[in-house]
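Have a look at this one.
The first chain written gets the first letter, and so on, giving A, B, C and D; residue counts start at 1 in each chain.
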Amino acid sequence: MAIEMDKKQRVALALEGFDPRYGKLPLACLHVAIVLSAFTITLQSMPGKDSLTVQILTGLEVILLAIFCAEFLLRLWSAESRLGYIFSFWGLIDLLSILPALLFLFPNSEVLRTLRLMRIFRLLKLLRMRRAILRLEHALSSNREEMILFGVLAAITLFLAAVGIYHFEKDAQPEIFGSIPQSAWWAIATLTTVGYGDVYPVTTGGRIFTAITLLIGLGIVAIPAGLITSGLLNAPEEDPDDLENDLINRDKPETTNGEN
Amino acid sequence: MAIEMDKKQRVALALEGFDPRYGKLPLACLHVAIVLSAFTITLQSMPGKDSLTVQILTGLEVILLAIFCAEFLLRLWSAESRLGYIFSFWGLIDLLSILPALLFLFPNSEVLRTLRLMRIFRLLKLLRMRRAILRLEHALSSNREEMILFGVLAAITLFLAAVGIYHFEKDAQPEIFGSIPQSAWWAIATLTTVGYGDVYPVTTGGRIFTAITLLIGLGIVAIPAGLITSGLLNAPEEDPDDLENDLINRDKPETTNGEN
Amino acid sequence: MAIEMDKKQRVALALEGFDPRYGKLPLACLHVAIVLSAFTITLQSMPGKDSLTVQILTGLEVILLAIFCAEFLLRLWSAESRLGYIFSFWGLIDLLSILPALLFLFPNSEVLRTLRLMRIFRLLKLLRMRRAILRLEHALSSNREEMILFGVLAAITLFLAAVGIYHFEKDAQPEIFGSIPQSAWWAIATLTTVGYGDVYPVTTGGRIFTAITLLIGLGIVAIPAGLITSGLLNAPEEDPDDLENDLINRDKPETTNGEN
Amino acid sequence: MAIEMDKKQRVALALEGFDPRYGKLPLACLHVAIVLSAFTITLQSMPGKDSLTVQILTGLEVILLAIFCAEFLLRLWSAESRLGYIFSFWGLIDLLSILPALLFLFPNSEVLRTLRLMRIFRLLKLLRMRRAILRLEHALSSNREEMILFGVLAAITLFLAAVGIYHFEKDAQPEIFGSIPQSAWWAIATLTTVGYGDVYPVTTGGRIFTAITLLIGLGIVAIPAGLITSGLLNAPEEDPDDLENDLINRDKPETTNGEN
């Protein structure tokens, strides 16, 4: 490929896994850092750690923070439009991924504890894997109208089930079916067939209502998840070279294509 | 469109979302009122409200009642055949939606408490969304014969499962498997895979019977819900303009089409 | 149709729902008797009946018994081959349906209590509905080889899951995972996603094993039920007139077809 | 078939179910031995055996061990490439199947108890049934890339669900949602819809999060199992004669085919 690239293009390509010399290596390093970050978050959630482990985890966190900050700055610098990057979906994810880590460096503050959980946004960066994200986008956009329609139908079904069971069970079990929001928890657990067993009808009327609701409602509530499944499975395959060409040719005038 | 419309046609079109000037706005207002009604029902079911909240909810209820009464009267007035509207499916839903609200205005009466729950019929009005209702109708009518056949098969499967588990478990757990109706509750919770955990077999025979019933019966009991799913997903799309034309041209003689 | 029928043919046709004068009426009466029988069985299983109810149920049982005996004798008399009928699937079902009822007439005997449950066989007669039985036969025969193969695969999966969880949990929960058969109960309840909650792993190893087993095994154990579903749904439709013609022409020599 | 076979070929054919004289008999005997081995493992896991049963089971185990050792040696001797056989998948399974049995002959040693469970590998030999194994191979290889992609997506979904519920429930239920690994157990039991009922959210935030996670996540976590199902069902059928010809012609030069 005889195209001369400036440094910005080189960095942009490297961050997408198309580095001319190292190929997917820089991208793979970022993915390893994300997985390491997930392990750090998991380990920090576990109680009973000794002080050495805490120190190691804090150190690892600082290193990961440096990596993600460097990635963010590189992406910002190499972006065609810097404001466009910051306010894009991935730009916000990248920014959110490093903000809580900055706060994490002051670990004694009480209010920061929940902010630390925001590091979970880093995991979403894993989804930047081109094939996964292509399919997720396809799943959510290809049948957006269907998703909304059947999401509304599922919500109505769940609400009607909640009101119905509330009517039948509110006197027999006032603690767990005492209001419609409480009954909605039963509707969710039942119509997804999870059935934890913390709430279930005990009256004859409630049980007959449950039986009818299940036989009819299962088919309706299952549709949104089914649409996501089929959207994910039926996404068209995109040629990965296309992205590489997009990145290389981005500064060229579009007229070169028009000449052909 | 150079067709002159009388006021009745104008109202009928507006209530279906085809108002010449305001478009979908009148229909959207009705939908907002229905969703507000759902919130009112939900909040009123929750215990521990102070008297101010109760007053606000009652006031909201009166306003919503006025809106639904107005809608009912407008639909009745603008209908081609008024008796036909009242005794149609949607006419009955509209009527049922306002009847309990009228009773609700006398909140101290004990017998009216369950009647208030009938306000849930208002939610069904949400289903009047043309696309949703087209699909529901299709789901229920396109394979009506199949639905009945597999509904009967599912009922037989559930009954046979209930009788079988009753035979195995009635001596070991007389409280929860003491009769066939009680065992039918187990059959429903098991064959829909909800599995609350309030009833389950403890004898070896009952467990082997459960295993066989599950491996065979799951496929049979899941069919009615599956038919609803496929009926909803495979409904043909209707052009929304068709309805508008239907409403505009409803008084014209059919022969105009015959001339072409 | 100018074919003269003898009485045997007339009875055989009537019992299949093709009576020349009354059409489906005789068959419908039999179906009503079967459903009544199901109600009788259900009511008799319920405790706390007063003596009047018991007497009514006993009387109803005697009447139903007479109907099913008459049906059996008529089918036997009108059958082309009587031995063939008795040893056919439906002949055995018909016989089993009346045998327990005969025993039921001596209600005080202890040993007869379980025999009374054999009346459940009558319900299988409901399946004689031609369309239902055609589909069930199709579901079980069309992919018999597949059914056996995937039934064996499901059994192996369940057994391996049971042995695995036994290994992980037998020390932590010796009462409920104390042997492989006990662990197999967990495997059934888990891999069908019923999840009653009476048995579940508590060790870390057992939980990781459960996660892996679920992600892989769900797909395998669900196949037999899925094959039954698809077999039931994809059964070809048979023209109901074919059966009528079969019954009318059964005594004619086959050579009439050969002449064409 | 006029092809002269040496003894090695004869043995190899017999072990695959193509013995010229006895057909599938030798293979069937091996399968019976495997099923017997499964019964032995099951019975030995059950507590409260008397000493006679223990002796019978030990004797049966010795016989089964001899059979599997003989099978291993025959397969080794008749293999085209002996090292190739030992380090093949099935060679390792055959070897692992007899190793724990050898150790089992010294039953008093404590460390050997878990090794005895390795006899479970014998069950995998059942999968050597050609049709089953063809389909399993197809299920795992035909869409390997899809499996990895959706396996990763399912893992990310489960992890995000675990972190989310940990955030909502860790203060309300510190014993069961006290760390992310504990919360991951909830995520597995919930998103596969097993729902044992040992862990479930009790806070309002946790329940709303569960509802959203279920409606979206069910569709993602179910895909790996669905891919296995479709891979198993859509495997192409191979002509069983092909294997027989492969075994018979394996020593012939390939040029005979080239001449045509």
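FYI, a residue touches a chain if its C-beta (ideal position, glycine included) is under 8 Å from a C-beta of that chain, and two chains touch if they have at least 3 such contacts.
As the structure is a computational prediction, the values presented were derived from the model and not from experiment.
Visitor: Please identify which chain has its centre, taken as the mean of its CA atoms, farthest from the centre of chain D.
Guide: B
Visitor: Could you work out how far chain B has to rotate to sit on chain D, using CA atoms and steps of 5 degrees?
Guide: The two chains, chain B and chain D, differ by a rotation of 180 degrees.
Visitor: When chain A meets its copy chain D, do both sides use mostly the same residue numbers (more than half shared) or mostly different ones?
Guide: Counting shared over all numbers used gives less than one half: different.
Visitor: Half is the threshold here, strictly exceeded: which of B-C, B-D or A-C has more than half of its contact pairs identical to C-D by residue number?
Guide: The pair repeating the interface of C-D is B-C.
Visitor: Centroid from C-alpha atoms only, then distance chain A to chain C, rounded to Å. What do you get?
Guide: Chain centroid spacing, chain A to chain C, equals 47 Å.
Visitor: When the C-alpha atoms of chain A and chain B are each averaged to a single point, how far apart are the two points in Å?
Guide: 33
Visitor: Where does chain B touch two or more other chains at once, residue-wise?
Guide: 181, 193-197, 222, 226
Visitor: Looking at the complex, which residues from chain A come into contact with chain C?
Guide: Per the stated touch rule, the residues are 193, 195-197.
Visitor: Which residues of chain D touch chain A once you look at their complex with the stated criterion?
Guide: Going by the criterion above, the answer is residues 146, 149-150, 152-153, 156, 159-160, 163-164, 166-167, 170, 178-181, 190, 193-197, 200, 204, 207, 210-211, 214-220, 222-223, 226.
Visitor: Quick check on the complex: what are the chain D residues that touch chain C?
Guide: So the residues of chain D in touch with chain C come to 38, 41-42, 45-47, 114, 117, 120, 123, 126-127, 129, 131-132, 135-136, 151, 154, 181, 184-185, 188-189, 192-198, 221-222, 224-229, 232-233.
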